[in-house]
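For reference, the structures are reproduced in the following blocks.
There are two complexes below, and they share chain A, which is joined by chain B in the first and by chain C in the second.
Right, the complex of A and B next:
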């Protein structure tokens, strides 16, 4: 397990760097937070005393470094502060939004994998043949489409032209599970489809070289069926790049969900972030970024763990 | 078919077999008109330099080369009276593993690195022999035991990387034996192994073959292995068989100059130490562009004008079973004198 200890040690500085950098950058943003809050609350120009009181309350009178460490100390106790705007604890705001974003991303990944794996297997197995060329052409076409266009096109097709799915809004899972899932299909497909071309191409490439391996010839000589060989002998050894890309794309997934949540009016973390930025709610923005960084780091760890599960040699090598 | 006919019929009869690769640079004549027969329980050695088409021949027999049009086939592979080349892919799958099995050269690469050894054996037992999981596990342990690997139950849970090369090749043999094949094709099964391990693996193959009355095609480029472990031998050169007879006959009386050159270039088990070896000068012909006449003529000491233009057929002297393809065969007498 030394392998994972080393990995974790690598990721700790990454986490600190991200939170520190974002803290500093938010601090550099133009405009005055205190003014923004006070002007929001009352229409008259705030008095100097009011300003001083609020600055003290928000620790804004202290140097930014100190504030970072105060914030950091609180964070380790699970306190990300309260929204400057509506005093809701940041953790609470996140807790409400996380399940929504999580569901969106999981569905996006499931759709991406579910579409990319069979396509990659077929085009790798039939490399150079018409079906492979067709799939590749389609993949390149999709690759050229930006996210919001993809979303708009999907809305146009499945919500307007052939209205089978909702184009916006969110239904509570507890109230209407199917309605909830339906609401996620188009946004998840939007993100998922964008990922498919790259995933499919790397699987195809790796599969082509895997199929040259002697152990595939051996599996054939054992009389195993093509389908069995593809799924049970070739897929796993061909999926290292695939998993890596899947991990790397999680960054895109997060950015993607911000766009898509806005486009489809889905109340997830991405929408929370956009709304917080709009409202200049720095502490909330910082909280969301911290959370995203944590997720990012966690995901990286998970990807490494996946390697070890996929190929026992990786874990052995690292030990 | 009556039992006596089935018994007298050869197990495998390859008739005028061609396997050509249609590559962007031209057609590679990897297997170019090969015929031979193999009886039940016998061992045929196939020997030849690298690139002579031995692996392509074995992969054509068991039919694991591509069918996407890039490989051109001709000829017959009669197995127990059926032409395997006429079978559908589905029917052929029934033959693979059950009737004909294969062991590959490098056990490092022929075992799937990400699957447990047990699974690689039991999938044959479950999918091909119709066993349930429990009995397949028991049988897999028996097989592991029978190929001389200690502690069978434990081994089943391990991955190939945990085993040495020799042990892996034993596992590969256990996999091949799992389907109780009538013919085992071993494509250079010991080339990747240490010399000391080589003999163990070959002895194991011979033991299993005798116990099961299995026929074996043993591919090698080592004439020492041929002389020690085979009944018959076919010498391949540039996609063709250039000499074929019983192994003892070949070792005593080679007729084809290429065979002689191979013998001089390879250490024999019977050689005294420090015997000088003569590497065969030159390279085998490019299979994309095979020369006219005898394919060996560019490298042959005995070549005459006829050799440059006319391709010699595989023939015998009189009623002899010793076939060779040469216009100027080595004299039996001369060989005996030297």
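Right, the complex of A and C next:
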């Protein structure tokens, strides 16, 4: 139990650090804050009334630390400010985009596992043989492909050279379920393929050591088929590091969804962030960044706690 | 290793060599050699660096100049890699773009390495409370997903090269710290450190004269892998349009502009993509080989 308490207590300073950093970002803007926000909006000199209204909204008459706590209090009530371009509340914009990004990430993860597990199994089972060398070399090459190049190549192959999938756009799941899934295949595959080399390698390494265990030799001597042994005896004990890495991939998943949503014009949280950057919508950028950072911190904590539940040794070591 | 199997076979045919001896001597020779793959990767990187430097004195076409006669033109004698959608010389842009990638790749990792050495070595040498403080700092750095922090800093503080270098350097600190700490822990137990301590050497002297030369070797090998990470991160930021703004050509932006033309003129995106892929692949190959070369665990086992 101590481990869990320590982990959650550890979250407190990290929470304040992340929120304070996100809050202070606005102050990095060169020049006067109010001018910086209002000037991009209509590129004319803002009226005194507008300035006063914004100053009041941002509480600029109060000291920084008070402003931070007011902002934090509003955040807990689901208020991250509102966009200065279309006056939409930030949380409302986020709520519309979250399901899209979530679907993309889940599909990417499914595809990554679906590709990495068979490759890792073949490669580990045939370790040292030509097929393993081929797979490992391929994995090494994929490691050198940045996400956006992978996406570009996939678009060219599956949307232009052999046009079977859409290269951009998003259809509502409720309207056209198949169209919705089709639109997600290429983007999800892009993120998934990038993750495959790392996942495949850890599975391969663990499988090689598992296959040297006595119970595998026993299963073989009993005449069980290779496939049965691999999937029913070897896969589970070889997959612990695999699951750990899967949890650690979260940061890559966030990076991946930002890039891929931009490349494939999918209206998710990442596209919202990049569009806000393009439109120079300061409050929206700040809101989305705060949200993403908090989700990241929260999910990392959950992953840590889950390991402790799955493998009690982690908690024993950590306490 | 795979690439030396022919020489291994030849070795074994020499009659006065016992089989095992030949194999052992071959393995030792193998560990001391970097292999042709390493040198091929090295040559590619050096060639690209020389080309980048040559932009300072060779008369390349202006990467921002628009030649309307060559819009989306294919490969030609005048424009080696053709012209892009605005009629700009792709070859010249690729070479100039390499300059941005390299100026990040050759600065950020070393800033990160300096800070990582300082933190990792103090944590590994003094342990206890120093170790705790360092681990809290590292955890805080990792609290932000890297790309999001980079976007935020470049957006709010301005997309300038120094900002780009610093924010990317910031993200290389944790890895360097970990490796420096692990190696310091390992070497601090060794006899030569104890001998220095017995002679009354100060902490600072032990850290700098005894530990630093040993710890810096694996870090230097690792820095090649970090370079490829920084090139990917810089490219991603440029691709998203939050990196160095135009007219400076960057690989990331060239690719994002090329995506618009993908249907008719795919090479506009593919030329910078191939250069970028080969650069990252080369750095990974070199880094991987050097890491095996300098890995304490492997050589002491």
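Here is the rule we use: the second predicted complex is superposed on the first by the 259 of 319 C-alpha atoms of A that agree within 3 Å, B and C clash if a C-alpha of one lies under 4 Å from a C-alpha of the other, contacts with A are read in each partner's own complex, and residues count from 1 in each chain.
Definition applied: contacts are C-beta pairs under 8 Å (C-beta built on N, C-alpha and C of every residue); 3 or more make two chains touch, one makes a residue touch a chain.
Just so it is clear, the structure is predicted and the values come from calculations on it, not from any experiment.
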>> Residues of chain A touched by chain B versus by chain C: which partner has the larger set?
In response: C
>> Just to be sure I read the superposition right, which of the two partners does A:297 touch: chain B = first, chain C = second, or both, or neither?
In response: second
> Just chain B (first), just chain C (second), both, or neither: which does A:312 touch?
Replying inline: first
> Looking at the overlay, what does A:218 touch: chain B (first), chain C (second), both, or neither?
Replying inline: first
>> Looking at A:56 after the superposition, I want to know if it touches chain B, chain C, both of them or none. Which is it: first, second, both, neither?
In response: neither
>> Between chain B and chain C, whom does A:155 touch in the aligned arrangement: first, second, both, or neither?
In response: second
>> Which partner chains sit in contact with A:228 here, chain B, chain C, both or neither? Use first/second/both/neither.
In response: first
> Looking at the overlay, does A:5 come into contact with chain B only (first), chain C only (second), both, or neither?
Replying inline: neither
>> Applying the document's contact rule, which stretches of chain C touch chain A when the two form their complex?
In response: 2, 136, 139-140, 143-149, 151-153, 155-158, 228, 232, 235-236, 239-242, 252, 255-256, 258-259, 262-263, 266, 269-270, 273, 276-277, 280-281, 284-285, 288
> In the complex formed with chain A, which residues of chain B make contact?
Replying inline: 59, 62, 64, 68, 93-98, 100-102, 104-106, 109-115, 123-124, 127-128, 159, 161, 172, 175, 179
> Which positions of chain A touch chain B when the two form their complex?
Replying inline: 126, 128-129, 213-215, 217-225, 228, 232-233, 236-237, 310-313, 316
> Which part of chain A faces chain C closely enough to touch in the complex?
Replying inline: 10, 13-14, 17-18, 21-22, 25-26, 28-30, 133, 140-141, 143-149, 152-153, 155-156, 160, 167, 250-251, 254-255, 258-259, 262-263, 273-274, 277-278, 282, 285-286, 289, 292-293, 296-297
